[in-house]
Amino acid sequence: DANERAFQTRIEADIKIEPKDWMPEGYRKTLIRQISQHAHSEIVGQLPEANWITRAPTLERKAILLAKVQDEAGHGLYLYCAAETLGVSRDQLLAQLHSGKAKYSSIFNYPTLNWADVGMIGWLVDGAAIMNQVPLQRCSYGPYSRAMIRICKEESFHQRQGYDALVKMCLHGTPEQKEMAQDSINRWWWPALMMFGPSDAQSVHSAQSMAWKIKINTNDELRQKFVDQTVPQADYLGLKIPDPDLKWNEEKGGYDFGEIDWDEFYQVIAGNGPCNKQRLSDRVKAWEDGQWYRDGLMAHARKKAERRSAAAA
Amino acid sequence: DANERAFQTRIEADIKIEPKDWMPEGYRKTLIRQISQHAHSEIVGQLPEANWITRAPTLERKAILLAKVQDEAGHGLYLYCAAETLGVSRDQLLAQLHSGKAKYSSIFNYPTLNWADVGMIGWLVDGAAIMNQVPLQRCSYGPYSRAMIRICKEESFHQRQGYDALVKMCLHGTPEQKEMAQDSINRWWWPALMMFGPSDAQSVHSAQSMAWKIKINTNDELRQKFVDQTVPQADYLGLKIPDPDLKWNEEKGGYDFGEIDWDEFYQVIAGNGPCNKQRLSDRVKAWEDGQWYRDGLMAHARKKAERRSAAAA
Amino acid sequence: MTADALCQFALRLGDNCLILAQRTSEWIGHAPVLEEDIGLANVALDMVGQTQLWLGLAGELEGRGRSADDLAYRRDAGAFRNLLLVELPNGDFGQTIMRQFLFDAWHHALLKGLTRSAERRVAEIAEKALKEVSYHLARSTDLVISLGDGTDESHRRMQAALDELWPYTGEMLTQDEVDDTLAAAGIAPALETIAAEWTAHVADTLDKATLRRPPPGHMHRGGKRGVHSEHLGYILAEMQFLQRAYPGATW
Amino acid sequence: MTADALCQFALRLGDNCLILAQRTSEWIGHAPVLEEDIGLANVALDMVGQTQLWLGLAGELEGRGRSADDLAYRRDAGAFRNLLLVELPNGDFGQTIMRQFLFDAWHHALLKGLTRSAERRVAEIAEKALKEVSYHLARSTDLVISLGDGTDESHRRMQAALDELWPYTGEMLTQDEVDDTLAAAGIAPALETIAAEWTAHVADTLDKATLRRPPPGHMHRGGKRGVHSEHLGYILAEMQFLQRAYPGATW
C-alpha cells in the first residue's frame, strides 16, 4: 500500500510521525497501548513511593520524596497528553486501567517494606526505566519522543538521588541500615530484571515494534545492559546481589546471570502479585471518591462560561 | 396519697424497692435518667481509654487496659439491664444517647493525650466515680443497688491499678515520665472535681433524690471527701495539684480548695468540650455501621426459632 | 538447627497473637454492640497473654537476653514472623469476624497438636492457650454461621470477606523448612494434619453459613519469613512508639 | 522574655507547616485527579521547606543545639505548638481543601505582616514563604469557590466542611501572651489586624462560593500551648518512627 510504504520510508529516514500524519492502524493501536501503559505506570507507581512520605526519616528526605512523586505524576500527565494525540481520551484510558483491562508496569505490584526500598526504587526501578526510556527519546512518534526527552531529564535526577540515599545507608550507615539495604535488594533485584519483559524468544510483538521504531532495543539487550551497569554500582555499595549465578564473562565483556523465575513473572502479570489488588482498588477508590470533585469543578466551569456569555450578550 | 406514703415508709426503713413494686412516676423517671446516664458514661468512657490500647507501653499494661475497658463495657451492660427493669428498652436509651438528648459524664469529653492520662483516669476519674458509687450500693432501688455492688468491686481494682501505673512513673520513673504525669494532672484535676456536679447551692433536684435515697450525699460533700482523700495520694506521688488555693484547714479537718471554673463546666455540658462532637459521632458511627450486624444476628435467631418449631411440628 | 527452628516457630506464634490482638483492639469502643466490645476485648486480652508466653519462650531460646516485651517493642517489620492474614486491615466487622474465624480454625487445630509436643515448654503453653482458643473458635464459628445465614446484606458482607481473605489462608497451611524440622522432631504436628482439620471445619461452617467457598487460586505468602505487606510497618509505628520514644523507662 | 516568645512563635509556625504537610501528604496517590496529586504534593513540599526554616530558627533561639530535624522528630505531642486545625483528620477532599483555605487565609495575612518584622531572621523567612503561600491561597480560594458553587453535592460537602472546621478557626485569630509580647516588640503583627484581613477574605470567598458562614460559637483552643487533640499522637508515632527506631543513624 502506498501510504504504508511512504510511512515506513519516513520511519527509516528518522523523520518524526506527528498526530496529523497518516499512520497504520496497528501503529496507532500499539502506541496507544504502550504510551498509556507507561502513563498508568507513573500513576500507580506513586503508591509504593508515597507509602513512605509520612515516614521519611528526615525533613530533607521527605522533601526529596515529595518532589519525586510529584514529578512522576507529572510524567503521567505528559504521557496521557501524548496518548490523547492518537485519538483517545484520558478518561477512556483511566476506565481501562480501573477495569483491570489495561496493564501497568508489574514492578509496582511489589510492596515497599523499609526505607531502603525508596532508594532502591530510585536506583534499580528508575534505572531500569531509564534504560528503556533513553532510546525511546529517538522513537518515531513525535509527541512520545518529546515526552521521553522531558521525562528522561528528571528520571536521571531521581535515580541519582535514590542511589545517594543508599550510599548514605551503605557506606556511612549503621549496621542496621546496611542490613536494611541488603534486605531491600534481596527483594527488588529480580523484579527489577523482570521489568524488561519476557526473554526475546518469548516476546511476541517485538519485531513489528522495532520496524516501526517504537521499540529500539530488544528486551534481553536492555536487560544485559542494565545488569552490566548496575553490578559495579552494587559492588560499590557493598551489597550482595541475590544471584548465585552472577559472574563476569570475559569473553562477552558482560555479566552472566541466573534464570529469572518466569513463573513469578507471569503470576504477577496475571494479577497475583503481593499488591495487585490493593494498587488497583486504591486507584479505583481515588477515582470513585473523587467523582463529586470532578463533577463540581466541571459544573463550576460551565456556570462561569454561561455567565460570561450572558454578560457579553 | 396512700401509695406514696407506703412507698416513702419502705424507703425510710431501708427496704429495697423492686421492679414489681409501686413507685411514684417521678422516682421511676429520675432513676431511668440517672441509671442510663451512668450506663452511657461507661459506654462513652471506653473511648478515651481504648485510645491507648494499641499504644500501651508494655504487654502487661496492654492487658491491664484491655481488661479495664472490658470491665467498663460490662458495667454498662449491668446498668442498661437495671434501667430496663423500669420499663424502658436499651435501644430506646441508646437512641437518646445518639440523638444528643441523653447525657453522659462530662469527664469523658476530655482527650487522653499521654500514657499518664490512662493511670490518671484510673486514679482520679474512677476514684471520683467510686466516691459516688459506694454510697449508692445502699440506694433504695434493688436492681441499681445490686449493680452498684458488682461495679464497686471492680472499680476499686481499676483505681488501684491506675494509681500503681502512676507510682511506677512518678516514684520509679525517668524525669520525662514525671513530667508526663505532672502534665496529666494539670489537665485532669479540675475536670475530676467537676465530676461531682454543680455546687449544692446550684443543684436543683437534690432534695427529692435524697429523700428517695437514690442520692445519698450532696455534691459538695462528696467533692470535699474526694479532695481530702486524694491530696495525700498526690503528695505521695510528688505531683503538684494545679490549685494555688489548696490548703489544709485545721479547723474543718479537711482541705480548702479553689473555685471551679463553672464556665468551663457548663460549656462542656452544653457540648463545647474538646471531644464532645467526636465522642458522640464515634458512638453514632459504631451504631449505624453495626446495623447490618445486629439485623443479621436477629434474622438468624428468627430463622433458628422457625426451624425449631418446624422440626417440632 | 532444631533450636533455631523452634525459636522461629515461637516467634511466629507470638507474633500472630500480638498482631491479631492489635488489629482486634482497634474495634474497642466502636463495635456494633456492647457485647462485641466486650467479646473482642476478651479475645484480644487472651491473645496478649499468649503473646507473652510465646515471645517469652522465643527470647529464652534465642539466648540474647531479650524479653517478650523487647521482642514485641524493639523489632522492625522485617523481623516479625506473623502470617500476612493477621496484619491486614480490619475492613468492616464482617471481615474482622471472618479473619478471626479462619485464623481460629487453624490456631485451634495447631494448639491441639502442640499439646502433644515433644518439647515440654511448648506443650505447656499450648495447654493454657487451647482452653481460650477453643472458646474463640466456638464464638467465631457461631458468628460466621449467624451472619452468613442472616440477612441478605450480612450474607453478602460475609461472602465478600471470605473472598477477600481466602488468598491469605494458604500460608498457615503450607509447611516450610521450619515446619519440616519441627515435625520431624515431634515438636509440632505436620501441617498436613492441621490443614485437613482446618479444611473440614471450615467447609462445615461455610455450609451452615450458606457461604460459598472460593475456588482454588493463588495464595499469598511471606509473613512467616519476614516479608510482610505494607500494613505491618504502620501497626508497629503506633504500637512501639512509647518504648522507642522513652527507651530505658519502665511502665 | 522576648527571645522565649519568639522561640515559641517559631515553633508554632514550623509545627503548623510540618503537621499540615503530613496531613496533606496522606492524599498523594489518592487524590481525585492527577492534577491534585501534583498540586497537593507541591503544597506539601513548600510546607516542608518552610518547616525547615522556622524550626531551624526555633532551634537557634532555643540554644540547646537542636536542629530542625531534632525538633521535628524528637518531641512528643505535648511539646508541639501547632494549631488544632492542622492536626484534624483529612475527612473527604472537600474538608481537606476547606482546611487548607481557612489556614492559607491566615497564613498569608500573617506572613505579609511578618515581612515587616523587627527581627531580621523572621522577615527573611516570611519573605521566602510569602511567595509560596500567595500561590497556596490563590489556589485554595479558587477551589473553595469552584466547589462551593459547583454541583449540589459539592456545595453540600463544602458547607459541611466549613461547619465542621469553623470552631477551629478561632485559635489562630486569638492573641495570647506570646502574641502580645511579639506584637509589642514589633516582631509580629497584632492578630487583630490579621483577623480583620482573614475575616474579609473569607467572607468574600464564601460569598462567591455561595457558602453560608457559620454563626458565632465556641472556639476550640489548646494547640498553641501544647494541649492537642487525640489525633496528634498518632501522626507523630508514624512520622517519627525511623528516627526513634534508629537513633544515631543518618539518612
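For reference, chains read A, B, C and D in written order, and residue numbers begin at 1 within each chain.
Just so we're on the same page, contacts are C-beta pairs under 8 Å (C-beta built on N, C-alpha and C of every residue); 3 or more make two chains touch, one makes a residue touch a chain.
This one's a predicted model, so the numbers in the text were calculated from it and none came from an experiment.
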Labels of chains that are neighbours to subunit B and to subunit D: C
Far-end chain from subunit C, centres as C-alpha averages: D
Comparison of B-C and A-C by number of C-beta pairs in contact, larger one: B-C
Between subunit D and subunit A, distance of the C-alpha-averaged centres to the nearest whole Å: 35
Centre distance in Å when subunit C and subunit D are each reduced to the mean of their C-alpha atoms: 42
Of all residues in subunit B, the ones touching two or more other chains: 55
Touching two or more other chains - residue numbers and ranges from subunit C: 76, 233, 237-238, 241
Interchain contacts, given as pairs of chains that touch: A-C, A-D, B-C, B-D, C-D
Interface residues, subunit D side, partner subunit B - complex: 76-78, 217-218, 220, 222, 227-230, 233, 237
Touching residues (chain side subunit C, partner subunit B) in the complex: 18, 21-22, 25-26, 28-38, 41-42, 44-45, 48-49, 51-52, 55, 68-69, 72-73, 92-94, 145-147, 149-151, 153-155, 157, 238-239, 241-243, 246, 248-251
Interface residues, subunit A side, partner subunit C - complex: 48, 51, 55, 111-114, 180, 183, 187, 267, 272, 274-275, 278
Residues on subunit C engaged by subunit D in the complex (per definition of touch): 76, 233-234, 236-238, 240-241, 244-245
Residue ranges of subunit B in contact with subunit C within the complex: 43, 46-47, 50, 53-63, 66-67, 69-70, 73-74, 76-77, 80, 115, 165, 168-169, 172-174, 176-177, 282, 285-287, 289-301, 303
